[in-house]
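The following pair of complexes shares a single chain, subunit A, combined with subunit B in the former and subunit C in the latter.
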Partner chain A sequence: MTKELTEYLPNDLLEKYGIYIGFLAVFVFFCFMSPNFLSQRNVFNIIVQSSVIAIIAIGETIVISTGGIDLSVGSVVALVSVALGLMLISPLPIFLAVAFSILLGTAVGLVNGLIISYGNMPSFIVTLGMMSIAKGAALMLNGGQPVASLPMGFDKIATTDIFGVPIFVVYVIVAYSIMFIILNKHKLGRYIYAIGDNEGAARLSGINVKKIRTTSFVFGGLFAGIGAVMLTARLNYATPLSGSGFELDAIAAAVIGGTALSGGKGSIVGTVVGALLLGTLKNGLTLMNVSSFFQQVIIGTVIILAVFVDKLRSQ
Partner chain B sequence: MANLLEMEDITKSFPGVKALDGVQFILKEGETHVLLGENGAGKSTLIKVLSGAYQQDKGVVRIKGEKANIESPVDAFSYGVNVIYQEFNLAPNLPIYENIYLGRELVQGGGFVNKSDARKKTREVMEFVGLDEDPNTEVRNLTVAQRQLVEVCKALAFEANIIVFDEPTATLTDSETERLFEIIKNLKADGLGIIYISHRLDEFREVGDRVTVLRNGKYINTLNLENSTKDQLISMMVGKELGEREIRETSKSTAKPVLEVENLSYEDEVKGVSFTLKEQEILGVAGLVGAGRTELAKTVIGEYSKEEGRVKLNGEEVKITSPVDAMQNGIFYLSEDRKEEGLFLGHSVKKNITISSLEKVQNKLLIDKNEEEKISDDLIDKLNIKTPSGETRTVSLSGGNQQKVVVAKGLCNEANIYIFDESTRGIDVGAKEEIYKIMEELVREGDSIIMISSEIPELMRIADRILVMYHGKAVNIFDNDKDLSKQKILSAAMGETT
Partner chain C sequence: MSTKLFTLALISALIVGLVGPAVMAADMKIGFMPMTLSNQYFQTMVEGAKKRASQLGVELSVQAPKSHSSVGAQLRIIENMITRGVDALCIVPASSTGLMSGLQKAQNAGIPVVNIDTQFSQKSIEGAGLNPIPYIGTDNYDGAKKAGNKALELLGGEGKVAILTGVPGQQNTRDRKNGFMDAVEGKLEIVATQTANWEVEEGYNVTQNILQANPDLGLIFASNDGMALGALRALKEAGKQDEIELIGYDAIPAALESVKAGGIDADVAQFPAEMGKGGVTMAYQMASGESIAVNHHRNTPTKLITQDNVDAMINYLENYSG
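Then we have the complex of A and B:
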C-alpha cells in the first residue's frame, strides 16, 4: 500500500524538503490561527525556547548517525547544572565554572563512549545506565536541593542581546555552523556516517571505528554540557530536576529532521528545523489555548508522522 | 530399487548467469548419492530447487514417481525432503525436543503443546541415531556433532524420505565422522535416500554409492563410485583443459620478497600458513569454499587476531592488529562481500571511493570537494564504472559496477600490497578483463597483489604463482608455468597429495 501512496507524492520534493515543508505548513497554520504568533518577539521566543534542545540535539544527531543512541543527555544536563550552580556559589569565577561544566558534560560523554566502544556494549544499555547514574549524582551533589542565588552577571549568558537578537539565537547559529562544517566538510563527518551505514565496511576501509564511535559520544556529552549552562543561565537557578525528558526531545528533533535511527543518514540542518518544529508546536498550541496535556498528544503524533513520511520517501 | 527422486531437465537462470542448464539427477531408495562439482558448478542451486528455496525456470521434479510442485521449504518438507545445511537451523537456547518440533509443535486441545508426547517421540529418534542425551538438554550445551544429529532427528521425527547433507563432515573429528557414516548407512538400510555434498574424495567414496558431477551448471555424468577413480572424477569436474593458454609475461625471478607470512594461525580456520609475496608479483590463492582463504587474508590485515605466527614487511616484522594498522603499512584488503563489508550502499559512489583516502583530498583541515570529485571521477572513468554521476547512491548500481566501486576504493588508497578477495565474482567478462588490466598495471608500477579467487582459470590467466589452501592449511604453491594444469590445482584444493 505504501508503495502506491508514494506514487502520488512528489518524490524529489519530499526527499529534499519534506521537513521544511512540514515546518512551513505548521508555521503558516499558526499565523492564521493566532494573531500574536507572527510578532518578532514571539518568533525570537520560539527560538530561545527551542535552543537548549536544539543544542543538545546536535550531539544526539551525531550519536544516532553512527547507529547509536544517547539516553543520558537529559540527566547530564541535570548533573552539569547542579555542579555549575555549586561552583558558581563556591565562588569560582563565572568563566572557569562554565568551562569546568562543559568539561564535565564532555567527560561523561567520554566515559559513555569508552565503555560502549571498548567494552563492546550496546549504547542503549550503557547510556540508560548512565542516565540513572548522572541523575543520582545530580541529586547527591546538593542533597537534592536546588542551587539558587547565583552570582550577579551569570544570567548575562542568557539575557544578552546582540543588535536586538537574543544571544541564544547566536549560540545556536554558531554551534550549528561549526558542526555543519565538521559533519559535511571534515573527514570526521564522513567517518561518522560511514560507521552508521556499514560498520564492517568502515573497519575494512581503515576507519578506527572505536575511536570515532567514542568521539560521537563525546559530542553527545559536550553539547549536553553546553545545553546545561544555557538552561541554568536562563533560569538563573540550578536544579537536579532540570533536563528531565530532554533526551527524548533531542531524539525527536533528530528523527523529525530526517536522521535515521539505523544510522548512516542524517543532517543537522534537519535537526535544527526539527527542534524548531517542536518549539513552534508548543508555542503555537499554547497561544491557541490548547491544554498542555493535549499538546503532548499532538507532538507525539507529529513524531510518528515524520518518521512515516521518511519511510515513504526512502522506499 | 525404485527411484525416490527424479529431477529432469532442471534449468534456473539468474540475471546474467545460467546457474543450472538442463540438469538431471536421480536418487534411488536406499542409496547415498554424492553431488560433486567445483565452486559455482550448481550444486547449491540444485539443492535449493529441491528444497523450495528457488523455483526452477524449466524442468520437472518427481518424488516417488509423482510430479512434485515444491514452491516453498514447507512444501519440500511435506514431500519428506530435509536439507541439513552447514549452518544448523537450531535455536540454541531451546531444549532438543523443542528444536525438533519447532514450528510443528504437537498440539492437543486448546492449542496447548503436548510436551510429553514430543519428549517421547524425540527419545525414540535420538535412540535411532545414537544420540545419548536428555531431550531436555538445551542445544547450546551440545557439541557440533551432536547438533548435527539433532538435525537428523528433526528429519526423522517427520518421516523424511530424502535427507541432503551439505558438507556434513567439515567440522567433525574423525571419530565423529565415522559415527555419522554409520548413521547414514542405517538410514539407507531403512530405505531413505541420501544426497551427500562433499569435496572430500576419500570420504565420500567410503559412504557413497553413486556420484553425479556438475560443471558450470551442466550435468556431466553419473557414475557408480566403485568403478570410478579419483582422477576420473577430478577431470570430470575440471572439464577439458584448454591446449593453449595465455600466461602473463613477468620478470618474477629477481623480485625480492615484500610480504612474508610465517606460520600464521587463526582458530580452526587458518592453520600454520606460511607464504611469501614478492615484489611486483600476483600471488593467486585457490581453494574451495571454506578452505580458509578469506580468513587468511583477514588474519594478515589484523581483522582477525592471529593466535600464532609472524608477518614481515620488506624483511622487518610488523605488528598489525587492525585494518587501520594494515593500511598504515600499505596493505589494502578488498572484501569479497561487497554488501556487508565492502560498500556504504546508502552513500554516494564518490564517498565510497574516497573513504579510505580522505587525507589525499584534504585541503589542510577540510575536504576539498573539487579535488575529491576529480579523483573519484578519474577512477570512475578508469574503471569504466557505469553510474549517472559520482553523486549517485551506490545501492542503485548493478552488482558488477558496485564491485568496481570496491576496487576503485582500493586504488584510491594507493597501497603497496593489495588483497583482492573474489573481486571478479558475479561480474561480466568485459568488466573482469578491465579488473585484470588494472591489476597488471598495479604490479607494473611496483605494487604486489594477493588474488583470492574461486575461478581457477582466472588465477591461471593472471597469477605468477598460485597458493592452494585446503582446510585452513597451505597445501601447495605452484609456479604458474606451462606444466601447471587446472587438474593439479583442483586436486590440491581437494586435499589430494600428489
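Then we have the complex of A and C:
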C-alpha cells in the first residue's frame, strides 16, 4: 500500500480519488459550520438517510454502466411499497411479504430488460413508460390511499440496532460488498462494462449482449424492490406517493461517483460515496438551517461540479 | 490540478458565502416544518410563526420538502432537527398516518411536538403508543360546509359540480371533501371527484379533463387555492369563466386577488398566520415546561370570502407577506 501511494503524484491522487476528496471536503466543512454535525449519532443518521438511495443506486449504476438508464426505479419503489403494505395487512407473514415484494421489484426489472433487449428498444423510452405504469399501478392497488397501521414487528427491519449500529448501515455494507465482488471478480462485471464500452465489440467477442443487458435491468428492479422494503419499514407506512424523484437521486449518486452516462465506466464504491455526499449535503445544510430552496441550488451545483471534475480528470 | 482544487474551493466558498450568516445563537430553538414552502398558504403560516418567534426571542428554524406529499423527506427533516438540538417542533404533516416513526423519535429525544393545520390521525398516534399531541388548525369539515352552502346559493340549488381534492391520505383532504359533499348532497349532482394533489399544475390539467367530460358543469370546488388557480386557468382557456362558478379554499394572496378581479367566485379563508403564531406559542410553553392539556385542540376560524369582503382580508394578510 505504501509503495503504491508513493508512486502517485498528488495530481494523480486527486484524479483517482477526486470524489472521495470532494466528499471529505464537504464533510470537514460541515464539521466546522455546525456544532451538531460531528457526532456518532448524526453520522449514523446520514448513512441511514442516504441508504435507500444508496441501495437503489447500485442497480442504477449497473444499468448505466451498460450504457442504459432506468427511469422507473422511483415508481417501482411506490408500487412495491403499496403491494408490501397490502400483503402485510392481508395478513401475510412478514418474511413472505418482504420476499414477494423484492420479487415484484425484480419482476418489473425483468420486464424492462426483456422489452429493451429483445424488443430492441431504447431504455430511456421503455423505463419512462414503466415509470408511468408502475406509478399508476401503485395508485390503483389501494385506490390512491396509503396503507398505515402495518403489523407490529415489521418496522424492526428498519429500527433494529446491531451493537449500536443501525441495521440500515449493515444492509448497505452487505449489499455493496456482495455487488463489489460480483462486479470485480466475476465475469458478469467485465461483460457489463464491455457492453457499455463497445456493444459491437462485446457481441463479436461472444458475449450474450441481450442476456447481460436484461440482467442489468433485473438488478435495477431488485435493488428498487429492496429499497422499497427499507423505505416502507423506515416510515412504517406505505404510500403510492413515495419514491417520486428517487430515480434522479439514484442517477445523481451514480454520476457523482464517476459512472459515465455513456456507459463502460462505473464504480459502485464511487456510487455509495455519491449517495453519501447527497445525504451529507441535505443533512448538513439542514443542521446549518439553510433555506430548503437554497439547498436545492447547492445540491444541483455539486452534481454539475462533480461531473465537471470527472470530465477534467478523464482528459 | 489547480483547476480541480479551485473547483473544490469554489463549492466551499459558495456555501460559506451565501449561508454563513444564517447561523446564530439563541437560548431556545424551535423547529418549524410546514408541508412544503412552495405554497403561499404555508409561507403565510411561516411569517406568522416568525413574528411570534421574534416576540418571544426564540430562534425559529424552518425546513420543508419540495412538494406536498414527501413523507420521507419530512422524516429526514425531523431527524436532522433533533440532531440540531431543537427544543420543540411544530409539524404540518404530509400524511396524517405516515409520520409516526418521526414522532416516535421526537418523543424518545424528549422533544415536544405541536401539530398544526393537517391533523395527525388519533388512531395512528394511539396505535403507535405515542403521547397525545396538541393540535392547532382549521375545522376543515366545517369550512368545506361553508363552501358547499355557498355552492348551493351560487347555483340556485341545482346543477352539476366537480370537486378537486388534495393529497390522498391526508385528513384535510377527507374533511374538505366530506364537508362539501354533505352540504350539497341530494341537491347538487357531483359528476367528478379527482385529486390534484394540492398543486396548481395538476389542478389545471385535471380541470381541463373534467371540462371535456362535462360540458354542462355548473361549479368547481377546488379544495385548496393552488388547485383553484390551476382550475381558473383551464376555465379561462376554455372560455367558460362566466358560465362555471369556482370556489377555492385557503385564501392565499394570489387567490384573493383573483376573487377581487372576479375570477374565483368565493373562497374559504383559513388563518394560517394564526396557526403559525399559536403553534410557536404552544411549542414555547411546552419547551419551557408549562403543562398543556393533553388533548389540547384549538380550531382557528374559517370565513367565507367574496367580492364584498375581500379587501379587508387582503389588508389583513399584508401583515404577513414575507
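Going forward, the second predicted complex is superposed on the first by the 304 of 315 C-alpha atoms of A that agree within 3 Å, B and C clash if a C-alpha of one lies under 4 Å from a C-alpha of the other, contacts with A are read in each partner's own complex, and residues count from 1 in each chain.
Going forward, a contact is a pair of C-beta atoms (placed from the backbone, for glycine too) under 8 Å apart; a residue touches a chain by one contact, two chains touch by 3 or more.
Please read all numbers here as calculations on a predicted model, not as lab measurements.
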| item | value |
| --- | --- |
| Clash or fit, subunit B versus subunit C on superposed subunit A | fit |
| Angular separation of subunit B and subunit C about subunit A, which is computed from CA centres of the superposed model and rounded to the nearest 10 ° | 130 |
| Subunit B versus subunit C as contact partner of A:Q49, first or second or both or neither | second |
| Contacts of A:H186 with subunit B and subunit C, given as first, second, both or neither | first |
| Subunit B or subunit C, by number of subunit A residues touched | C |
| First, second, both or neither for A:F29, with subunit B first and subunit C second | second |
| Superposition-derived minimum Cα distance between subunit C and subunit B (Å) | 21 |
| Of all residues in subunit B, those that touch subunit A in their complex | 301, 303, 322-324, 326-327, 332-333, 335, 340-347, 351, 355-356, 358-359, 362, 365-367, 369, 409, 413 |
| Subunit A-facing residues of subunit C, complex | 1, 3-5, 7-8, 10-12, 14-16, 18-20, 22-23, 37, 61-67, 69-72, 75-77, 79-81, 83-85, 95, 97-101, 121, 123-124, 127-128, 167-169, 195 |
| Of subunit A, residues touching subunit C in the complex | 10-11, 14, 18, 21-22, 25-26, 29, 33-34, 36, 39, 41-42, 45, 49, 52, 143-146, 148-149, 155, 158-159, 231, 234-237, 239-242, 244, 282-283, 285-294, 296, 298, 301-302, 305, 308-309, 312-313 |
| Of all residues in subunit A, those that touch subunit B in their complex | 181, 185-187, 190, 193-194, 197-198, 200-208, 264-265 |
